[in-house]
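Below is a structure I'd like to ask you about.
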């Protein structure tokens, strides 16, 4: 199912080269001021253009189909549509025969019996994250002073990210990266003891972002190498502030009032201009593939704003569950 | 909510030092042969006893409360109860004042207003994984020839795990570890394109296991350092087998028919005998804490069977969704 | 939440006088042939025009936003939009002061703090059933030979329905009615023992249709007056056919292979041209209200096709749950 | 699935002649005082004993398996078990061959392939309502001053209920009845515009109660015979009180602050001592059946407290959704 959330619930739809992509958000409190302008910043951050991103340019103009009245949310489903404008489907038609390594082409055609819209990855495309970013804009407004910040901290194995990108462009290859996200201002008590721990729900949402292959909270994989006496964060204030933050702001699956910190591993873009030797499903023989089309050298460059959106959506849901965001927001 | 799953759905309940812990499983196909004996192996693996595990010994005897008739599942809710027998609640009563660093004590009392059963971690205790392991036994039987195997591959930063444990016991400290899980025999096509990707649903479930702080699929965090031309797994057979397995058996969130591989980071047990300097919530002053009670030196030792169970539960749900496990199992 | 269903799941959105109304359907098997033409018949049945229906005319032209490729469903979310074209919002603006008796005006403004789109009932409008009818078209195709038929059997207390309508039009009043729905060709075994009984899930869905105030299955309220020896349906064939059908095709919440029969009570349209004496929320005094705008004399006339759609959606979900509709439909 | 609810969520399990029946309630706010004594009144009301009810006597002693600590709810899952003590399974064994008309015997064996626990109706038994009544006790406490009252208003077609029962006992037959439920003290604004209307969610829950075959809100089926000018409830106060209550306290699926009123039709108990002529599934020929065992002459006598519980559970969930019951109840 393409739905996520419990009380703040998003449903995404669309395809990369179809009519458009979009999102319906259910559970938005009534009375939140919201106009198209609110979306500009985050859509710009997600948009390609910088070195290392795809030359495909899209207007990415959001259009409210429902749920807005007099520039405020109505409390009923909010649907936002992004029509596709710049599509070149002819680029992809021949990929039906040779599924691109690293892509969803092979699994999609097996799962959907060949009926999938294969153009540009169809419903598997990173373009679907537009709906998520739009939902993130709404969520961030509801979160008020809770501040979420994600940034690329490593690409191609180095923290000199510009250099890594330059090298990859030169090599006509792609590179992966690591994005770190931190959240300040969270109350104690978000999350549930077992299956709906904060780590559980966040990672569920975050692994839906294409290209993410790992996530770690606080010290994460480094914690596996530590002793308990090193890893434990001693509490130093009555409101739960800790000396260190190896837990990444979460104990027992519940926020502890410290900064929440996690990192994700982004794999290198699967589409590269390098020749690949892989199966041709029509001939049943190994074949050479050179992927055409327009692609990102380092998709991780575009992940931070998507990761922020994913995080904001999850935290908004938890905040509503804890009754910390009122049902009628009243234009605050 | 303490529920997980869509068509194969588990609900857990209980406390570490209350009457017991248990699980209700909804959506079990009718006609699966099931007796108490089926649980022995996995409960033994989970049970403490080896060096590095807690001296608390529990019988861990499962009892069917519902859903079994003539040694077969009935198709209606299957409830399994484990009564607690060996509890020493007096060990914990004074921890109300000084929340243990690294534990859920502080967040629990904030979230539940002091009404939580704090004895032995209460509902946050690792003892709750008994219900998960029991559900895993049922799931594994339904999965038939799909084979799940988890093992501890690193502890305290070394692959010489025995040595790491010995050192930690000697230091009266605890150590973390890394557990790897692989799954053989999966069909192509499990998982959904976006929010219910295999990585999403698996990580949701797996982060509910206490002490897990990171997860990575296939090359995981290493992928972030790779080039696309290195990371892409070329397809070498008509059924999708690949030359390498950097994707860990999952493309676009969907199983691709190769071995599924992922690793989790387990933090060191938070309870150590080392003296800790932390806040006393009664006095409002920093205080020294020496955690008594009976604890695991390396909780990661007991994670593999829990991880297998978690994985089996998720995969069973996906298999039923794909109509690959019939509604009436008929005693196969 | 504006979502319904488990495996065949619909999400509706929109407002009566906003940009449009629509539906996203998740869980449609891939490979079902589907074009705009498939919607004509049911949209025509729902459309006004007959005596007793509103003079507001809408094109009701469906537009696929996602989920269709080469005239077949793709297996990913199917979104259908109906843009509003014929809106006269000025009719409604003054109703803010005097909530119309029988309508949702009063509760909507209390629930959504005055932020609701009040024009023409906004999100509460019967126009929202367009999305349901569209989902019903898809569901009916998936149901194949299972045949659903609903018809108005009584209006204004008489079976001479034409006469009842004529009288109400003459009186400038409105009338209620009873719609009966029967389903042929159902297999034994749809539905779940307790909370997801067929009656439970059907009535949940059906009471979401505006103006429905009662539902009864089989003999329904008449059963309350019967003896067990009269009401019991003796089984007369090995496949469960019964002599009588007082159960309406459902025992213990599960379909028994006989015709499913139920009836719903539709209240009279709340908007009438008759003068009403009710509270003016601005003045705090009782006031006279004459509802302008364009309305149905007997909304029950337009209920049958909506009821069929609601039933089809529920039964499709149950059929998929029972694995009786394959995940890949393959254009049958 | 045997689960119901969104934020106040119940899971039932068990069989009539197995080890017991029970319920797990998830989402109970922490800090509600709760002891076994709280259950006495409602369990007594549900218990058989009066003329017209089954001679099977059960202790119906609730036992908390989890979620209670120091006589207060903990905020984590609350599990209540009722062990079966008085079972006579031999009564039922021969019914496998001749499914009882009106019962779930036939559909159960088809749905679960013969693996169902058929003793005493197994999981389909009215005994499962014990868990529902227990959940209702908790819900009623949370609802505070909201008062729910259900009563049998008609049996066997007459309001002289005692007479109807006497006659049926004399005839060795059974009779149906009508139960009316009213709720006072509800706020305006519970329920959602479309799929989660109050009528939708209540009827979903209520049709899970065995033997219910119809439900109507306010004027219900009578509304179908009325004119709009008669049916509309004029508002006579600023807080929404109406002159009449044909809507039964609900407009557009949302509570309007007036008394909520609905009625359910209860079919006559299917088990009667009358000889029935029905199919023998072993011989494939019509056969005579005289149902032995211990049964209720008028099951409707025992419905009111179950209906109250069902209503309380649904309303509690809506109240929590509207943030009108706090997450930490603090022993009020």
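Which chain is which? They are A, B, C and D, in the order written, and residues in each are numbered from 1.
Basically, a residue touches a chain if its C-beta (ideal position, glycine included) is under 8 Å from a C-beta of that chain, and two chains touch if they have at least 3 such contacts.
Here the structure is a predicted model, which is why all the values come from computation and not from measurement.
S.K.: With centres defined as the mean of C-alpha atoms, identify the chain lying farthest from chain D.
M.R.: It is A whose centre lies farthest from that of chain D.
S.K.: In terms of C-beta pairs in contact, which of B-D and B-C ranks higher?
M.R.: Answer to which pair has more contacts is B-D.
S.K.: How many Å are there between the centre of chain B and the centre of chain C, using C-alpha atoms for each centre?
M.R.: 44
S.K.: I'd like to verify one number: the distance from the centre of chain A to the centre of chain B, where each centre is the average of its C-alpha atoms, in whole angstrom.
M.R.: 26
S.K.: Taking the mean of the C-alpha atoms as each chain's centre, how many Å separate chain B from chain D?
M.R.: Between these chains, centre-to-centre, one finds 37 Å.
S.K.: What are the residue numbers in chain C that touch two or more other chains?
M.R.: Those would be 1-3, 12, 76, 111, 123, 193.
S.K.: Note which residues of chain D are touching chain B in the complex, please.
M.R.: 1-3, 9, 11-15, 18-22, 24, 26-27, 30-31, 64-67, 69-70, 72-79, 81, 111-113, 115-117, 122-123, 328, 330
S.K.: Under the touch definition given earlier, write down the residues of chain D that touch chain A in their complex.
M.R.: 6-7, 76, 193, 321-323, 326-327
S.K.: Residue numbers of chain A touching chain B in their complex, please.
M.R.: Checking each residue of chain A against chain B gives 1-4, 12, 99, 101-104, 106-108, 110-111, 121, 123-124, 128, 154-157, 168, 171, 173-178, 188-189, 192-197, 199-201, 203-208, 210, 212-238, 240, 242, 246-248, 251-256, 265-272, 274, 276-279, 281, 284, 286, 300.
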